[in-house]
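Think of it as A, B, C and D in the order they're written, each chain with its own count starting at 1.
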Amino acid sequence: MADKASTASVVCDLARQFYELGWVTGTGGGICIREGEHVIVAPSGVQKERMTPDQMFTLSIDGSVVARPADPSLRPSECTSLFMAAIRLRGAGAVIHSHSIHAVIATLLFDREFDISELEMIKGIEGMNYHDRLVVPIIENTSRECDLAASLEAAIVAYPRTQAVLVRRHGFYAWGRDWVQAKTQAECYDYLFRAATEMRRLGVPTVALKGVNDASLSNRPAEPFGRR
Amino acid sequence: MADKASTASVVCDLARQFYELGWVTGTGGGICIREGEHVIVAPSGVQKERMTPDQMFTLSIDGSVVARPADPSLRPSECTSLFMAAIRLRGAGAVIHSHSIHAVIATLLFDREFDISELEMIKGIEGMNYHDRLVVPIIENTSRECDLAASLEAAIVAYPRTQAVLVRRHGFYAWGRDWVQAKTQAECYDYLFRAATEMRRLGVPTVALKGVNDASLSNRPAEPFGRR
Amino acid sequence: MADKASTASVVCDLARQFYELGWVTGTGGGICIREGEHVIVAPSGVQKERMTPDQMFTLSIDGSVVARPADPSLRPSECTSLFMAAIRLRGAGAVIHSHSIHAVIATLLFDREFDISELEMIKGIEGMNYHDRLVVPIIENTSRECDLAASLEAAIVAYPRTQAVLVRRHGFYAWGRDWVQAKTQAECYDYLFRAATEMRRLGVPTVALKGVNDASLSNRPAEPFGRR
Amino acid sequence: MADKASTASVVCDLARQFYELGWVTGTGGGICIREGEHVIVAPSGVQKERMTPDQMFTLSIDGSVVARPADPSLRPSECTSLFMAAIRLRGAGAVIHSHSIHAVIATLLFDREFDISELEMIKGIEGMNYHDRLVVPIIENTSRECDLAASLEAAIVAYPRTQAVLVRRHGFYAWGRDWVQAKTQAECYDYLFRAATEMRRLGVPTVALKGVNDASLSNRPAEPFGRR
């Protein structure tokens, strides 16, 4: 239980930090952290920068509620089924959902895939190097958050090396083996989404015509992904 | 009285947070919170990030002063009559007034109405969904803050579903059933004003030509609102 | 002495706040506050967000040192003669010098005068109303900060109602009857410099062709000011 | 040892501050401070805003490890050989490595050299005055951070007066005689990189055609530097 209490505190600390970054304003966005066979999930629709550890839910990996906060008005985050997709399909130890405006703008400038190469921050993403082409699939948004689960799962399967999925006009999901890597990768992705927007604004291509490591293309699906 | 003391502390906490967001610099902007039959209102013309609970005014809903701070130089916020309009006409539990530069720039790019559709943050506004067209009326600014009351009330009546009113070259007013919803909605509106400005800059329309939920148009008045 | 200790603390608090605003990075910028017949001035070339009250200088209005910090390596701010100009010519109770990038960019977009009308934040400046045209003289920068004093004084004399002077490619000086008004006005000016830059970028004129209160033009000098 | 403990604390404090500035997100960037014959270096790949003094490495100037943290998973920063280049060739007392997005964008807008003149913040750089042309060499990025050492050293030798080197699509290295000057200079450089990007966006040249102090050109190498 000490571990769960500590993990619940980390969720609250990170949420405050993400609020400062503009990722979870308006009660949007969220985070979950796996703790053994359980997942600590924040409640839905609360001010993310003011959460306390006693407001957290403990879920099992299949999504059932193991322990819930005393306040009966709280429900688990609407992102829960999406969080579980990354945990189940990738063994993620933590998943972050951000409403970063940089991500949203990036999804307006790219079609089915966001891609960028030759920026140092690419190296912060698992398995990627400076000359690789980093590809992030973009899925279409839906009216209800839970309806995103199917297309998020499809994107995770179609892009076996991606550590994040963009949701058009909405934000992004990123994960990692533990909360430290999930946060590191989310920060790198967000930086890259912002850099790409600046590059487009200045007329600089985000992927150089030459010099891209083709081997990295193996992280793209054999067939076109998604349909708009 | 314990409740009023606590509410006064929340007003001060929120004001500090809004200062960090750039909403209340230069002593501008403000917030009020309803507490039963009373409204806790900050003083006019003070540094919003340095207010203390003992500087707050307690007003009745009709605007008369129930209790005032010891410092005789303090007067209630100039926004008071505007705050009361949202409380009286909408039953608001809290009203926020922001000088956000994103809101001001948005009022330079839109005519009588700000509108946007298909951004996830729209869902943070009461009764709105992702495919709805979110409309925010824009009223013209006046030399004196109190002279805004009539046109603010007219906009609230003409747009029965709106949770905010933009004031051209000035900022916006947003409210909610309690301070939590008022803050959540103000953060969502501000995000949307910023996103719309970025979209215009990049040549992306803020309302898609197709796919907008026409039912949402019912939150627009039958006849054109306002005159410039 | 209690008052001077308290004033020295305010200088340090404000400097930390201005660092957060990006006004005094790289040891640039500064602030002084008058305390009766004395002026509390920060040292030159130190990290403004890490200053302590015991590092402050106490000067008389004529600029002579009344009390100095124990650390012999410290010298009074290079802005001192400029601070004293606003104190002497305008009776300022506090003067703020900011290296705000918004101010610097504004001086690249305007010639001898910055001007803007019909923005709510104009009302934060002493004697100005919403429909007035706010004019801020721009003086040319010099190699040494102290060499700015003559042209700053000339601008203060030529624009008897201005509460600030822009320095091209450098930043701005703003003042007020006390530190609260100086800070309020500096925040309003900075907001307006940023807004004007955004307006120029979007092709929106900063001064409307009609509707400007001509009476406000009386704060401009009878003859053209400055020469480039 | 008291000094080393204190220096380790300064490294952690600065890293938190640099995180707020956006310089070291995603575990990127870093800092080292010289303490006599030793250099205090942060570990590689950790969250820079959460470091504690007991995680620091103590190295000798030749790069060998004098003392290491108890945690066996920690390795010294990958920047170490680059830090040592500035310490060895310039006698730097501290070196800062930033992933600032302003620096990265600047390297997309300039070819082999970044240059700017007539901005007040230029005066924050050792030996530079307002009318001087500040030149910062830009080296090409490499897949591995350690492979940058040779070209960084070449740039330091070729530009004997520079206090910083830009790394294309990566960030910058800046240094100083002690950590205070290193931080001051890094803040000034970052401000200038941002200002230059804004100037380019607005069509304002970063170096005036006339009025540049030619004497300052002596800090450029006799022969063209680098090859792309």
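The rule we apply is simple: contacts are C-beta pairs under 8 Å (C-beta built on N, C-alpha and C of every residue); 3 or more make two chains touch, one makes a residue touch a chain.
Because the structure is a prediction, the values reported are computed rather than measured.
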(request) Over half of interface residue numbers shared between subunit C and subunit D means same, under half means different, so which is it? (result) different
(request) For subunit B and subunit C, let me know how many angstrom lie between their CA-based centres, rounded off. (result) 31
(request) Using mean C-alpha positions as chain centres, tell me how far subunit A is from subunit C in Å, no decimals. (result) 44
(request) Scan subunit A for residues touching two or more other chains and write them down. (result) 201
(request) May I ask you to sort the chain touch graph into line, ring, star, complete or other? (result) ring
(message) How do the chains pair up in terms of touching? List each pair.
(response) A-B, A-D, B-C, C-D
(message) Going by the contact rule set out above, which residues of subunit A touch subunit D in the complex?
(response) 118-121, 124, 129-131, 180, 183-185, 187-188, 190-191, 194-195, 198-199, 201-202, 204
(request) Please give the residue numbers of subunit D that touch subunit A in the complex, ascending. (result) 25-28, 47, 99, 101, 104-105, 108-109, 141-143, 167, 169-171, 200-201
